[in-house]
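Paired with chain B in one complex and with chain C in the other, chain A is shared by the two complexes that follow.
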Partner chain A sequence: MIQARFGAAGTWLIAGITAACLGAILCLFGLLAAAGLAPFWPSAISELQLHDGRSLLGEIVREDSASAIDPALAIRTSESAHMGSAYQRIRLDQIAARTQPADAILIALTDGRRLFARGDAAQETSLLAEAAAPASVLEVLRPNALGFGQRCAVFVQHLVRFLATAPAASNLVGGVLPALLGTLTLVLLMSLIVMPFGVATAIYLHRRRGFGVRFVRTAINQLAGVPSIVYGVLGLGLFVHGLGAGIDRLFYSERLPVPTFGSGGLLWAALTLALLTLPVVVVSVEEGLARIPASLREGSLALGATHDETLWRLLLPAARPALLTGLILAVARAAGAVAPLMLVGVVKLAPTLPIDGAFPYLHPSRQFMHLGFSIYDAALASPDTIRGVPRAYACAGLLVGVVLLLNLSAILLRNRLRERYRALET
Partner chain B sequence: MSANPATYASVLSPDFVRAATRARLRKGRVTTAVVSLCTAIVLLGLLAIPLFLLIGLHPGVPLPAQTWQRFEILLAGTLRAGTCAMLVALPLGIATAMFSAHFCAPRLRAWLKPALEILEAIPTVVLGLIAAVTIAPWLKIHVATVLALIVVVPCVLLAAGMAFGKRVRREGWLPLWLLPSVLAAIAVVVVIGARHSGVMIAPASPWNAALVGLALGMAAVPLVFSVSEDALFLVPRAHTDAAFALGATRWQALTTVLLPAAGSGLVAAALLGFSRCLGETMIVLMASGNTPIAGFDPLAGLRSISADLALGMPEAEPASGAYRSLLLAALLLLVLTLCVSALADAVRERLRRRLHAAAYAA
Partner chain C sequence: MLNAAPEFPREAEPSGHTSERAAVALRTQGLCLHYGHRVALSDLDLTIPKQRITALIGPSGCGKSSLLRCLNRLNDEIADARVEGRVFIGATDAYAKDTLVHDLRRRVGMVFQRPNPFPLSIHDNVAYGLRLLGIRRRRELDERIEAALKAAALWDEVVARLDDSAFSLSLGQQQRLVIARAIAVEPEILMLDEPASALDPAATLRFEELLHELAQRYTLLLVTHNMQQAARVSDFTAFLHQGRLIEFGETDAVFTNPRERQTEDFITGRYG
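What follows is the complex of A and B.
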């Protein structure tokens, strides 16, 4: 049966491609987890003895021994002048010996510089006194002498510092708290805008029949496929240059030509994202409303409730899981959208937070930082790529973590929703 | 406790009931009005996108010199990136969909679909980061390895299927059995490639259309998968059952019944994926090098419309010629993606109608 053999071969081919897809997904998450967490692990300090008699103390930041043409490594030694000034490229055949001395000290300063030295406690204090001249000391470590448990403790400490402090040295070191807060505030504001409008549109589509409904539905379906950058163009042109400049002329004319709302800011970014995520909310809520058994609605009407009362007391509460699913999917989509934000107010380093203790607490006209944009910026636009790339991966790991958490909760909610309607139908 | 007779009477009086009902209905009218108003605002916002971009057509400000030549190069770059991405996404997405819809064990399918949904949820900026920073330096010296992978892995799979295929009874779990060996085959080819890294094919730049295609293709796989899986799954069970009853194998049922019936669904999946790739910004921005190069070379850099918008729009002065040309570029991108996705919708609608008719006839 030659045909059966061909059939089996075809089956194996598509099964193998399916396996390759699964493998790619696994590799992707493995890479993100490994590269996203690696920057927080206390790396060892190496000492290289070169054939020409020099010895270098520092962290090995890159090593391509696999390349057959020119095996080499890059080492970061003490940055006594300024950050990023002390990288050296050493060919592997220049190295006589490589050790990891236990008495090596790492001093990290608040301006991002890292200093390396060897010695005991007395030398450490003298070193600290001279090193810290312009900046203050962030931490002192002896990474080579740490045991596994201590390394884990340092790892957790680094992770917490990454999440809870502000960045330093043009966003290359320090934490991502402003970017995280900016992302969360933006998404929160966007949800506050998109939910009422999305739910109202879904109710309209659910209640009515006819030409208007078909038109609205077609518009929403078609505009769900519009590229996100086009929403950004609209946000910049219409919201920032149109609405924002108008508000400035009317209410903030004493501050002109310095723009208040007439430049990119939190409010305009939230509006743009709300427009972007609207189809997600509408589709999800409408589906939830359609899933409610007709007998429930009819029962409510038969008992004398008006359409309005049925909607508020019965349909919307029963569709609550669908509302939540829509919200979460919208939030996940908004948290990952970066391109439109680049046009409407995201910045590399914002001097102020969009949310703080001063009245009115939330500042919708301020520019803000964003995790997704930090990834782009650290990976491709930073002056020090050896620091930038691990930082970009750390931000990417955090962003993917947040988005996955939201998506998983949406999936769990969806399952609960199904359970609920199964209970309703029986 | 005795009820107050006066209140009791007035609650039951026809006037009171009428007034209360009128109030309840009035509240309903308020809700209706609010809902309609909100929908109108939403519609206004949605229609604002094309209407606003049409301002670019207004010939008020002269366009910068050579705008149209520039558009040609940008359009060529966008189409080149989209084509490269589809070369990756179509085989992966459609093959996975065919397996999932027709061969897959239900329990594996319950895992496969969420796995691809989660891939869709990953922000594209992250895929762009991986492509631009991790894959680009490797791909620069290993183009030949990738070509070898494309040839070797399917050949090995076909040969293995020919040899052992008939002995395997439970095809539904085949991907899990094959996963280690596929990964091992890829690893072997990569290691051999690294040993012989005399650069055989040298791309002009590490950031090129092939790299964009790889990352963008991975981003488009979930969409292509879900649309084509839906199309294949929509084919009535009776059709495949009839094929089985006539003695067809699973593979024969797939190629002779399922694929012809769902063919337009697969076309729709390809078109939707293509439309999405044309508009994608972050991956192209990070992995394409953003050099305006025309032509069809998959190993040369490119600049797409979306990346051009992301780079140029923040700097452009409003109401200047450059700004107007960017608006025109955005309009071009919008029209392009809308046309492709409208075509996809039309194809999909046709399929749905035909299959419904078939289901009723059966």
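What follows is the complex of A and C.
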């Protein structure tokens, strides 16, 4: 049909554009996977012999191609003072020889510093003793001596540590567990808030007719186009400074001026995101309700069901695939929104987790960390870009992974439901 | 509640058959239905006898289905539908202010033209109406579901797969399922809107046998396009044309010796 209307050239154009879109998506995932996973791979330790007789031991973190005007490389040598203090730029023509000695040792410290040395086990022990203070040793590796299998094992170990530990050294090293937990808790709480409101609104719009309803529907559709940062401002003014401050005055007055709910926190961020995602939920649920054939509704009414009974027992269950579609869209939009969160509760480093073992387990007033914000923080606000940028990629990859995982589970659930309701659509 | 003994309007009284006067299941008095400015039914006086099969015949668009939807007030759901006149279900005035619509609809069951099983299991389809009645006990539910499915001649085919989706059934089975669903709540009248139009000939034949069995217990009101079916199945026949009741009488009488010219033309296939 496309061919009939556009001719062969048009078909190729459309195919090309589609291919370009697919290519862009593949590039995105490829980039995130490659750049995001690279920092976990145990990199080799190089030793450079320079023409002036110096010798440098460390990781080469960046290298220009030989065709550049002034080709050079950057090497990170032992950071004995503090993290990020030992980068050196070496012009390629300064280098006499380059080796990767098998006895090179990497000592990673918990404060993020990396120390390099060469030697046998005895030297390693003495090195450890002197290096440790004041931080403790995180791991000791001889990366050049590792075989491929061992490197893979180290890679997995690094990956697990990234997912399962807290960050250190102002977010430049260590794991992202708090951010991951914060993101998941936030999305979950947002879903719990937005679904009842969205579904109730959709039911109202579905039932009523007339000018008022058309106005409300148009208004809701317009809300979908409001930039997300505006919702952040709204959340700050309405929830944090309005509602939160009010709650503090009423219930936590003994703690004032230290705010409890009167500062950004998980609950306010979830509410803000719920506002942000309300339009997509309303629209998809209302469409889902409208798609249910009238014969089902009439069949239920003809059996003596009231409108409410028909809604609860038949229409809403039959609209569950649409509810899930709404939820998927909401989660995707919410997980990607960082700007509003910066106004209502996301912080660079939160001292506590939003969920922990202490009663009441979920702490809605606490500030929290978020993967989206971690990306921004690592890429743009870190003092050490050589460490920060790969970390931003890793966080981005993880965020995409989390969203994909959430969506995938919702899609699988929806497909199982659709299977049941497929006969309705014919 | 109105409980005045309904009187037979002269012109709608079943002709012939004077030996026994059948009890009345349903009666309309001067029933008019408008959709906006369009008149769908005008001044309809009809009396449906109890525990008989009454066929409604007439050309497309003559108001047969609209009439059914008046009787269980399903037209209430259509925004611009307006009903005048009176409908008595037994002794209840269907359009009286104090009549509970959902209660009325339970008493007047309806089977639609296309089978419309709910997206639930076979069991839950039949249980739907029972649960609306507040029946929660597993045993009572199961007993009544079994009875309804047996009455709809479906039990033997589905007993092994009651928890399967209703959509896994064939069209004919689905139609019997929605009949089971309708009779599970023990209606007084069962209205069927061209129930056999989606069925193949073999299924139609079985279906007509089922109608005869159902007529032992229920008053059936059957809309059909199929003259032979009306002749085969029904005890009484009403012929509607352009929203008016042209003729009503015993099926044999209507088909062999129609009083009205229009009826004869329609039955012999000169139009419609």
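Assume the second predicted complex is superposed on the first by the 380 of 426 C-alpha atoms of A that agree within 3 Å, B and C clash if a C-alpha of one lies under 4 Å from a C-alpha of the other, contacts with A are read in each partner's own complex, and residues count from 1 in each chain.
One rule holds for everything that comes next: a contact is a pair of C-beta atoms (placed from the backbone, for glycine too) under 8 Å apart; a residue touches a chain by one contact, two chains touch by 3 or more.
Model, not experiment: these values are computed from the prediction.
Asker: What is the contact status of A:Arg209 with respect to chain B (first) and chain C (second): first, second, both, or neither?
Answerer: So A:Arg209 only meets chain C here.
Asker: A:Thr306 in the overlay: touching chain B, chain C, both, or neither? Say first, second, both or neither.
Answerer: A:Thr306: touches chain B and chain C.
Asker: Applying the touch criterion given at the start, work out whether A:Leu31 contacts chain B, chain C, both or neither, answering first, second, both or neither.
Answerer: first
Asker: Quick one: classify A:Tyr376 as touching chain B (first), chain C (second), both or neither.
Answerer: In the superposition, A:Tyr376 touches chain B alone.
Asker: Classify the contacts of A:Leu314 with the two partner chains as first (chain B alone), second (chain C alone), both, or neither.
Answerer: second
Asker: Of chain B and chain C, which one touches more of chain A's residues?
Answerer: B
Asker: Should A:Pro293 be classified as contacting the first partner (chain B), the second (chain C), both, or neither?
Answerer: second
Asker: Mind working out whether A:Leu267 is in touch with chain B, chain C, both or neither, as first, second, both or neither?
Answerer: A:Leu267 contacts neither chain B nor chain C.
Asker: Identify the partner contact of A:Ile105: answer first if only chain B is touched, second if only chain C is, both if each is, neither if none is.
Answerer: neither
Asker: Considering only the touch criterion stated at the top, classify A:Met195 as touching first (chain B), second (chain C), both, or neither.
Answerer: neither
Asker: Hey, what residues of chain A end up touching chain B and chain C alike?
Answerer: Common to the two interfaces on chain A: residues 306, 309.
Asker: Quick one: in the complex, what on chain C touches chain A?
Answerer: So the residues of chain C in touch with chain A come to 72, 74, 77, 79, 102-103, 105-107, 109-110, 112, 114, 116, 118-119, 128-129, 131-133, 165, 167, 178, 181-182, 185.
Asker: Give the list of chain A residues in touch with chain C in this complex.
Answerer: Residues 209, 293, 295-306, 309, 313-314, 317-318, 420-424.
Asker: Write out the stretch or stretches of chain B touching chain A in their complex.
Answerer: Answer in residue numbers: 24-25, 27-28, 31-32, 34-39, 41-43, 45-49, 52-53, 55, 91-92, 95-96, 98-100, 103, 112, 114-119, 121-126, 128-130, 132-134, 141, 153-154, 157-162, 165-166, 168, 171, 174-176, 178-179, 182-183, 186, 194-195, 197, 218, 221, 249-252, 254-255, 272, 275-276, 278-282, 285-286, 306, 309-310, 313-314, 318, 326-327, 330, 333-334, 337-338, 341-342, 345.
Asker: Would you pull the chain A residues touching chain B in the complex into a rising list?
Answerer: Residue positions touching the partner: 3-25, 28, 31-32, 35, 66-69, 196-198, 200-201, 203-204, 207, 215-216, 219-223, 225-234, 236-238, 241, 264, 275, 278, 306-309, 311-312, 332, 335-339, 342-343, 372, 375-376, 379-380, 389, 392-393, 396, 399-400, 403-404, 407, 411.
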